[in-house]
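Letters A, B and C mark the chains as written, and numbering starts fresh at 1 in each.
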Amino acid sequence: MIITLTTDFGYKDYFVGSMKGVILGINPHAQVIDISHEVEPYNVTAAAYLIKASYLYFPKGTIHVVVVDPGVGSTRRSILVEKNGSYFVGPDNGVFSYIYQEAQKIRIVHLTSQEYFLNPTTQRVPGPTFQGRDIFAPVAAWLSKGIDPLKLGEQIQDPVKLPLAEPRWVNNGTLEGRIIYIDRFGNLITNITRTYFSAVSPPEADQGPITSGKVILKGKILALKGFYAEGKPGEPCVLMNSCGHLEVFINLGNAQQQFEASVGDSIMVRVKRSNA
Amino acid sequence: MIITLTTDFGYKDYFVGSMKGVILGINPHAQVIDISHEVEPYNVTAAAYLIKASYLYFPKGTIHVVVVDPGVGSTRRSILVEKNGSYFVGPDNGVFSYIYQEAQKIRIVHLTSQEYFLNPTTQRVPGPTFQGRDIFAPVAAWLSKGIDPLKLGEQIQDPVKLPLAEPRWVNNGTLEGRIIYIDRFGNLITNITRTYFSAVSPPEADQGPITSGKVILKGKILALKGFYAEGKPGEPCVLMNSCGHLEVFINLGNAQQQFEASVGDSIMVRVKRSNA
Amino acid sequence: MIITLTTDFGYKDYFVGSMKGVILGINPHAQVIDISHEVEPYNVTAAAYLIKASYLYFPKGTIHVVVVDPGVGSTRRSILVEKNGSYFVGPDNGVFSYIYQEAQKIRIVHLTSQEYFLNPTTQRVPGPTFQGRDIFAPVAAWLSKGIDPLKLGEQIQDPVKLPLAEPRWVNNGTLEGRIIYIDRFGNLITNITRTYFSAVSPPEADQGPITSGKVILKGKILALKGFYAEGKPGEPCVLMNSCGHLEVFINLGNAQQQFEASVGDSIMVRVKRSNA
């Protein structure tokens, strides 16, 4: 059984290692896979995008532990989310907002059964500062051994949701999106998704389907491409990325630096319609 | 069987990968778990803290390989340490000092049996510059296959120990500690431990047990908290961390930057006694 | 069966995690081992050195996936290389140049059989921008399940090769090499290998075997050492490293910084001959 880890714990400390030790102490047969531990500290939105972008590529039954948790130790709840055979374990702070968004059938359990938390000894004292090790890791390990999720706590219906920035129609011909994530290569991932144009009705749908568009970032028109190597070196481009999001890039360059871009920056799509 | 790795080799080179290859070539069933490879280069003290902070969270029988080794190739010994069913493999340069400190019953073996080192071929030539791959990885792999530790070399009684900074009583009411580690979040971990107050007799113990205290760093009084989210943003705070060490933090901030703190910096605890 | 990963994807994004998910979805028994994901973005030469330096330390049958791929999505081919029981999967952009160089018997397959690529679903749409996940990961996973390499595509004989910088004899007594890689410690790895002096005939071989030499970097004579700790602090030194390459180092220091060195910089070896 696979357990993935996504945290802002970084790679220099002992945090991730001790989570793995706790998991393997409970289930020696678990396969623990790192998704990322370099989420920007406390950036719940970035973690939400990462888990959305990767969980579909893991087999059914995989348990995804996400710990980006500025409120650790406070009254925020610890939860388990179950959706189409995938499991998610972490704090109830909105980090699973994208999971809820896409969900048809979903089950959320508030983790309260302390018998599935870290088993304390004289030298191993669980505390309120490291729930990744003391709550989420052991719960994931028990889950990977097949325990019934309902033994871990009570079902809830009101998980915390992030106010995820949705693209909005500024007018009939202009869609405004936002940069939601910037990757290692400086590529700018936006909240405008492949399914967006078909799923969202523009203000006046009878003006016909969208046939072409211009994408504009900070006053600059971006060239539309199918893959990175199509861009000329230095040329600001845009493509539909491997997770179905519109993404700004510069082939062999760094769009973040060239545009001095940040998460939250606005991006415009001007569309033409067949009968406009 | 689990083998953990803690090194200053970083993540950009091939060093860690080839250690794992050597281990799996000897024992295909070993589970190799990274604790950290971002120990500051040559910082033996930081590695000593990391392995102390994590080994208790791994199941019995786990083998911990630690390679922070500025003296590689010189006359410093290679050793195996066995303690309460946990194993430690690495250079005899003090990196296991915390392990000795807490130990009741311990066994240390000087690794001299070359038949358990890397098996050379025409193209794989072991040498004096990479003992992580050529000595520690293969020894750990053989150990994980159940070989008797005493076949790996001869027992010794005089391992190298770091002069670990102990807190000291400046006077009856003032304990001076030191920062021993700074984590990714800029939290400052000190050498003042949970068990310290009970274990160390203050100069005049008949003055009664400590009932409260003030913690002072660089002239600033720190607020005492139970978990991170209790701190107001920007407020310098202190808590007993998840490994039982006093730790300075700023909620959603960076104490290292705000205090311009370094490892070795002094921290003061002023205590009050019930009958003083 | 072991599958190793070497990429320039970094550790902050979801790229590596989703490759592992795809692999384990196809072969739950695969052991996925990271060699490095911190290859400098788009630096094919650095990746070529890393895989050369590590693959010999993995057991026979290991599958090495290397994805440093500035041309992803373009017409560059995807290939599988088989050599002495080791397998290599990645783009045909020269990243396996060192593998070809040392090879006696080798087989190269152009990966064209789409039935072994990522299996698309409504939500998982393979595309031209992430072939690490959509082609190389699934092909490696099928290979680890024992599929015949020839089912994956057709054999080719003309793989792309990097113009690997070879050392050259400037005159009978002077060999000029180049820095080809700089590691985390600032050590400068050159293209002058252990086997070089015996393998390459100097211009006038009848002048006798080389008995000693001076190594010079940027006008400075380097001290010849057997291991790092032999160097005095601050002293520029050179040794034959653990992969059989001449390597410039400064004990407990950083040669890259002290020499302001870059990949491609020239290094000179002045040799003396027994009968010159």
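By definition in this document, a residue touches a chain if its C-beta (ideal position, glycine included) is under 8 Å from a C-beta of that chain, and two chains touch if they have at least 3 such contacts.
Note that this is a predicted model, so its numbers are computed, not measured.
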Message: If more than half of the interface residue numbers appear on both sides, call it same; otherwise different. Which is it for subunit A and subunit B?
response: different
Statement: Fit subunit A to subunit C (C-alpha, same chain sequence): the rotation, rounded to steps of 5 degrees, is 120
Task: Averaged over CA atoms, how far is the centre of subunit A from the centre of subunit B? Could you give it in whole Å?
output: 33
Residues of subunit B whose C-beta touches two or more other chains: 11
- request: Could you pull out which subunit B residues touch subunit A in their complex?
  value: 2, 4, 6, 11, 31, 33-39, 50-51, 53-59, 62, 183-185, 194, 226-230, 239-242, 244, 251-252
Field: subunit A partner contacts - residues on subunit C that touch it in the complex
entry: 9-14, 16-18, 20-22, 24-25, 28, 32, 41-42, 70-74, 121, 123-130, 133-134
